[in-house]
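The next block holds one structure in the form of C-alpha cells; read it before the comments.
A, B, C and D label the chains in the order they appear, each numbered from 1.
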Amino acid sequence: MNIDATMVGALIAGAATIAIYSYLYEENAVYRLAESLLIGLATGNVVAITWDAVRRAAFVPLVGGQVIWIIPIVLGMIMYLYFLKQYSYLYRIPLAFLVGVGTGLTIRGSVSANLIDQLVGTINADFSNPSNWLMLLGIVASTLYFVFTFGGQGKTGYYSQFHSRFSTLGRWFLMAAFGATFGNVVQGRISSAWGRVGSLLTPPAIYEVPIAIAIFVIYLIYRKRKHT
Amino acid sequence: MKFDSRWIYVAVFLTIGIPILAPIGLPVLITPTTRGMFDAIQNLPSGSIMYLGIDFLAVSQPELLPMSTAVYKQAISRPISIVMACFSTTDCPLFTQRIIQQIGYGSKKYGEDIVFLGYFPGLETPIAAFAKDVRSVVSVDAFGTPISQLALMNRVKSAADFNLWVVMTSGDYVPYLRQVQSPYHIKMAFGTSSPEYPTGLVYYQSGQIVGLLNGLRGAAEYELLIHSPGSAAGGMDAQSVTQLFIIVAVIGANALYFSRRKKK
Amino acid sequence: MLGNLEVHNALVSLIVGRTSVMIFAIVIGIIVIYFLATTKRDNLPKVRRLAGLDAIKEAVGRAVETGRPVHFTPGWTERQLYTGGSGGSGGAADILAGMSVLSYLARTVADYGSRLIVTLGSAELVPMAGEIVRNGYMAAGKADAFKPEDIIFFSSDQFAYAAGVMGLVKREQIAANVMVGPFLAESLLFAEAAYQVGSIQVAGTPSVFQTPFFVAVCDYVLIGEECYAAGALLSEDPHQLGSIRGTDISKVLVVAILLVGVLLSVLGSKVVVQLLKT
Amino acid sequence: MPASKTLAREVPLIITFLLGVLTVADYGVQEPTLQGLSSTAQSWVVVIAGFAVGIGVINLLRGQWYRVKTRQKGWYNNALLITTLALTSVWGIIATTKDPTYSYVYFNLTVPLTVTVFGMLAFYIASAAVRSLRLRNIDAGIMLVAAALVMLRNIPAGAAIWSSLPAIGGWVLDYPNLAAQRGIVIGIAIGVVAVGVRTILGYERGYLALSGEEKK
C-alpha cells in the first residue's frame, strides 16, 4: 500500500470531517461546499450501483433471450413521461405497480410480525413473574391509547371515564418506552462520532485541527470587525 | 433565557476527544457474551472450518471495523481454515479487503487455509442458497479464481461443513439464524452495533448463538482478550465519559430549572 | 439498519403460521370496509382530536406572518414503497400516510399563500409528491403558485439526503417544519436543525425507534398509529372516519384475544397460541 | 379524451388492486403458479424502482442547473454538485465501482462525509437530552427517569455508583419499554391493514394525486 496515498486520504477525510462539523457552529460556506460534494458523490455512487443492479437483473437476461424482461424495462421508462406535460399521467401506471406490490407485502409482513408475533410473545410469557403482569397491563393500556373514536368529549358515560383513565396509563407506558429507547441509542451515536473524532485526532489529520481553529478564530475576529 | 446548545457540542467534542488523546484506561469487564465468541473460536479443533462474514454498512465502521479486525486476528492465529463472504451491502467486500491488506494472512496460505468469496447481493435469498449448496451461488472467488482451483473449497459443499459461523454485521443477522442456524444447527456468533445488542441477547439466552459482541464495548473487550489493544479500548473511555457527562448535564439542567421556578 | 424489535420479530416469524395471518388480514379488512361503507354524515363517530393535526394550520399561519417557507419531508424512504418494510415499521403505509398529510398541507399552504418546500430522499416519490402538491394548489385555485423546483430530491443515500435537508432548513430559515413518514436516524438531525432556526415543528412517524427524538424536540408529535389516522381525520370525509372506527373495533377485538389467550395460558392451555401459529 | 382518462385513473387502480391481492394471496395460499407470479412481480419492482432513480437525478440536476443558470447565491456549489455527480456516475458505470481510484475516493471522501453527518447525532442527542429531559410534568418525568436508568445501565460507571443500577435499567428495557412498544406495534399492524385494504380497493387514492381531476 502506498503510504503517500494513505496519508493524503487521511488528510482529505480529516478536512471533510471538519467541514461537516463546522455546521454545528452555524451553516457556512465550508459546510455548503462539503454538502454539495457529498450529495454529488453519494448520488453518483447510487446511480452507478443501481445501473449495475438493473443491468444484471434485467438487461443481461433480456439479451440472453428472456424477452419477458422487456416489460419492467418499458414500465420503468414510462416513468420518465412524467416530465412530458401531455403524457405525464402515464407515470401512474408504474407507480401503481410499485404501490400494489408494496402494500401487499406491507399487509402480510405487518400482520405476522407486528400483530401475531406480539400476541404469541405475550401469551407465552412466564406469568409466574409479576413483571409480566405489568407488561400485560402496559400492552393493553398502550393499545387502547390509540383508540380514536370511543367516548367522545360530550359523553360522560361509565366506559368513557374508564377509557380516558386507561389511556392516560397507556401514555405513561409510552413515555417510559420513549425514554428507554432514547437512553439506549445514546451509546451507538457516541460510537459513530467517536470514529470520526478519533481519526481526526490521529496524525496526519490532527495537524489540520489547529489550522481549522486558526481559520475559525480569524473568521470570528473578521466578523466582529465587520459588525462594529 | 435560551441556552446556547453549542456549548454542549464543545463539551461532547472534548469528552470524546480527550480520552482519545489521553486514554484513562477505565477497567473494561469482559461480558460473558464476548467471552462466548472468543472461546468458540479458541476451542475450535485443529482442521475445523470457520465462516467469517465481515458484512456491515460504511456508517457502522467505527464500531464494526475494530471488532472485525480483532476477530480476524484471532482467527488467523488458530490452526483452522477460514471462508469469508459477504451478503449485506456493496460496502462489505471493500472492508474485508482492507482488513486483509492491513493484516495479511498470517501463516495461512490463500486458497488452502483461507478464501474470500466476495459479495452476493440480495441477503436472504443467496444466504439460503449458499447454505444449501455453496456452488449454486459461488463459481469464482473475489479475485476471479474459479473455486475448483481452491483446495479449501473442495472441503466446503454446504453450510453443514462449517464448524462455526461468525458474522460481523450492523443489523441484518436474522437471515443467518433463519437460513443457516435453524436448518443446519451450526454454532453461530455475531458482532453487532450497540443498538442491536439487547435483542441479540434473546438469541444468546435461548442458545441459538454462542457469542455476541456489543458494539464498541464488545470490540474493546475483544482486543483485551486477544492481547492486542487497538483503537476500541480508547473508545470505551470516550463512551463512559460522554454518557456520564450527558447524565450530569441533564441533572444540572433540571436543578437549574427548579431553582428558577422556585424564585418565580 | 434494523432495530431491536424488528430483529426479534423477524426471528419469531419463523414459528408463525400463514393461515392466521390471512384470517387476521381479512377480518380486519372486512371490519374496516364495513364501517367505511356504512358511515354517513348522520352517524359520524365522535373522534378524539389530535393536537398535532390542529397545529398544522397554526404552523402555516406562522409561516405567513414571518414570510418564511414551510418545509415538508417524509424521511428517508429508500425502497420502502415497494418492499413492505420490516417489523416495527409499516412499509408502504408509512409513505402513504405521509403523503395524505402532504396533500392537506399543500392545500393549506396554497390557501394561506405561503411557500411549501418538499425534500425527498427517495426518487420514486418525486412524481408522487410533485403531483400531490400541484393538486393541492389547484384545489385552492392557485395552480400558478406551484413551483416544481420546490420539490427537491437530494439523494437516495441516507446521509447525503440528510446533509441536503439540514443545509436547506438553515438557508431558507423555515418557519414551519412538518415531517410525517417513515424516519430513520435522520429524524433527530432534521428536528434539531429546524429547532435551531426556531420553526414550529409537527412530526410523526410510526417508527418506535425514532418517535422518542420527535417527542424530545418537536412541538407536536403524532405517535404510532396516529400517523395512519391523520389522513382520514384531516379529510373529514365520513367514509374515512368510518374506517378509523373500524380500526378501533379491531383493536378491541385484538385486546380481547390477547386477554383470553393469557387467561387460558395461565390456566394451562396454550390453545390460543396454537391457533395463532396455524 | 376518454381513453387517456381510463389510462390515467382506472388502469392504475386496477393494477394496484391486482398486485396487492396477488402479493397477499401468495403468502397465504402457497400455490406454485401464484408464487411464481408474485416473485416475478417482486423482481420487476426492483427494476422499475431502479429506473426511478433517474427521475430523482433529473429532478436534482434541473433544480441545481436552474440555480447555476440564474446565478443564485452560492451557484458555484450547485455547479460543483453537478460536476461531481456526473463524474462519479459516469466513472462508476464505465470503470465499475471496483476501480481502485473510484474506491479510493469513496473511502477517503464519500464515506467520511456520510459517517460525519451520522456522527453529528452524538452532539444533537446530547443537546436534545439536556434541553428536553425535564421534570416538567408526569409524562416528561417518566421519560427522564427511564432514559437516565437505561444510560446508567450501559456504562461501567453505572454499576460503580450502585451495583443494582444496571439490573434496574435492564428491567425498564425488558418490561415497561417492551409493553409500550408492543402496544404501538399492534396499533401499527391494524392501521397498516386499514390503509392497505383502502389502497388496494381503491378507496385511498391520494398517492395517485387524482383529487384534482375528480372535482368536476
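In the analysis below, a residue touches a chain if its C-beta (ideal position, glycine included) is under 8 Å from a C-beta of that chain, and two chains touch if they have at least 3 such contacts.
All of these numbers come straight from a predicted model, not from anything done at the bench.
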Study note, to complete from the structure: Those chains that touch chain C and also touch chain B are A, D
Check your understanding: Measuring centre to centre with C-alpha atoms, which chain is farthest from chain A?
Key -> B
Revision key, fill the gap. Taking each chain's mean CA coordinate, chain A and chain B are separated, in whole Å, by 22
Point to revise | Distance between the centres, which are taken as Cα means, of chain D and chain B, whole angstrom | key: 24
Point to revise | Centre-of-Cα separation between chain C and chain A, whole angstrom | key: 14
Review point. Cα centroid separation between chain A and chain D, in whole Å?
Key: 5
**Study point:** Touching two or more other chains - residues of chain C
**Key:** 5, 10, 18, 21, 24-25, 28, 81-82, 87-88, 90-93, 96, 124, 126-128, 154-160, 163, 166, 192, 208-209, 211-213, 215-216, 223-225, 229, 244, 247, 251, 254
Review point. Out of chain B, which residues touch more than one other chain, so two or more?
Key: 5, 9, 12-13, 16, 59-62, 90, 193-195, 198, 239, 242-243, 246
Check your understanding: chain D: which residues touch two or more other chains?
Key -> 24, 27-28, 45-46, 48-49, 52-57, 60, 97, 106-107, 111, 113-115, 117-123, 125, 127, 129, 131, 133, 143-144, 147-148, 151, 154-155, 173, 181, 184-188, 190, 192-193, 195-197, 199, 207-208
Revision key, fill the gap. Chain D partner, complex, touching residues on chain C are 5, 18-19, 21-22, 24-25, 28-29, 32-33, 36, 79, 81-82, 87-93, 95-97, 99-100, 103, 120, 122-124, 126-128, 131-132, 134-135, 138-139, 149, 151-160, 162-163, 166, 185, 188-189, 191-192, 206, 208, 211-213, 215-217, 223-225, 227-229, 231, 239, 243-244, 246-247, 250-251, 254
**Study point:** Contacting residues of chain A [partner chain B, same complex]
**Key:** 1, 24-25, 49, 53, 184-188, 190-198, 201
**Study point:** Interfacial residue positions of chain D with respect to chain A in the complex
**Key:** 4, 7-8, 11-13, 15-24, 27-28, 40-58, 60, 74, 77-78, 80-89, 91-93, 96-97, 104-123, 125, 129, 133, 138-140, 142-151, 154-155, 169, 171-190, 192-193, 195-197, 199-200, 207-208
Study note, to complete from the structure: Interface with chain C, chain D side, in the complex: residues 24, 27-28, 30, 45-46, 48-49, 52-57, 59-60, 62-63, 66, 113-115, 117-118, 120-121, 124-125, 127-129, 131-133, 143, 181, 184-188, 190-199, 201, 203-204, 206-209, 211-212, 215
Review point. Tell me, which parts of chain A touch chain D in their complex?
Key: 5, 8-10, 12-14, 16-17, 20-21, 23-24, 29, 32-54, 57-58, 68-69, 71-73, 75-77, 79-80, 82-83, 89-90, 92-108, 110-111, 114-115, 118-119, 121-122, 131-132, 134-143, 145-146, 170-187, 189-190, 192-197, 199
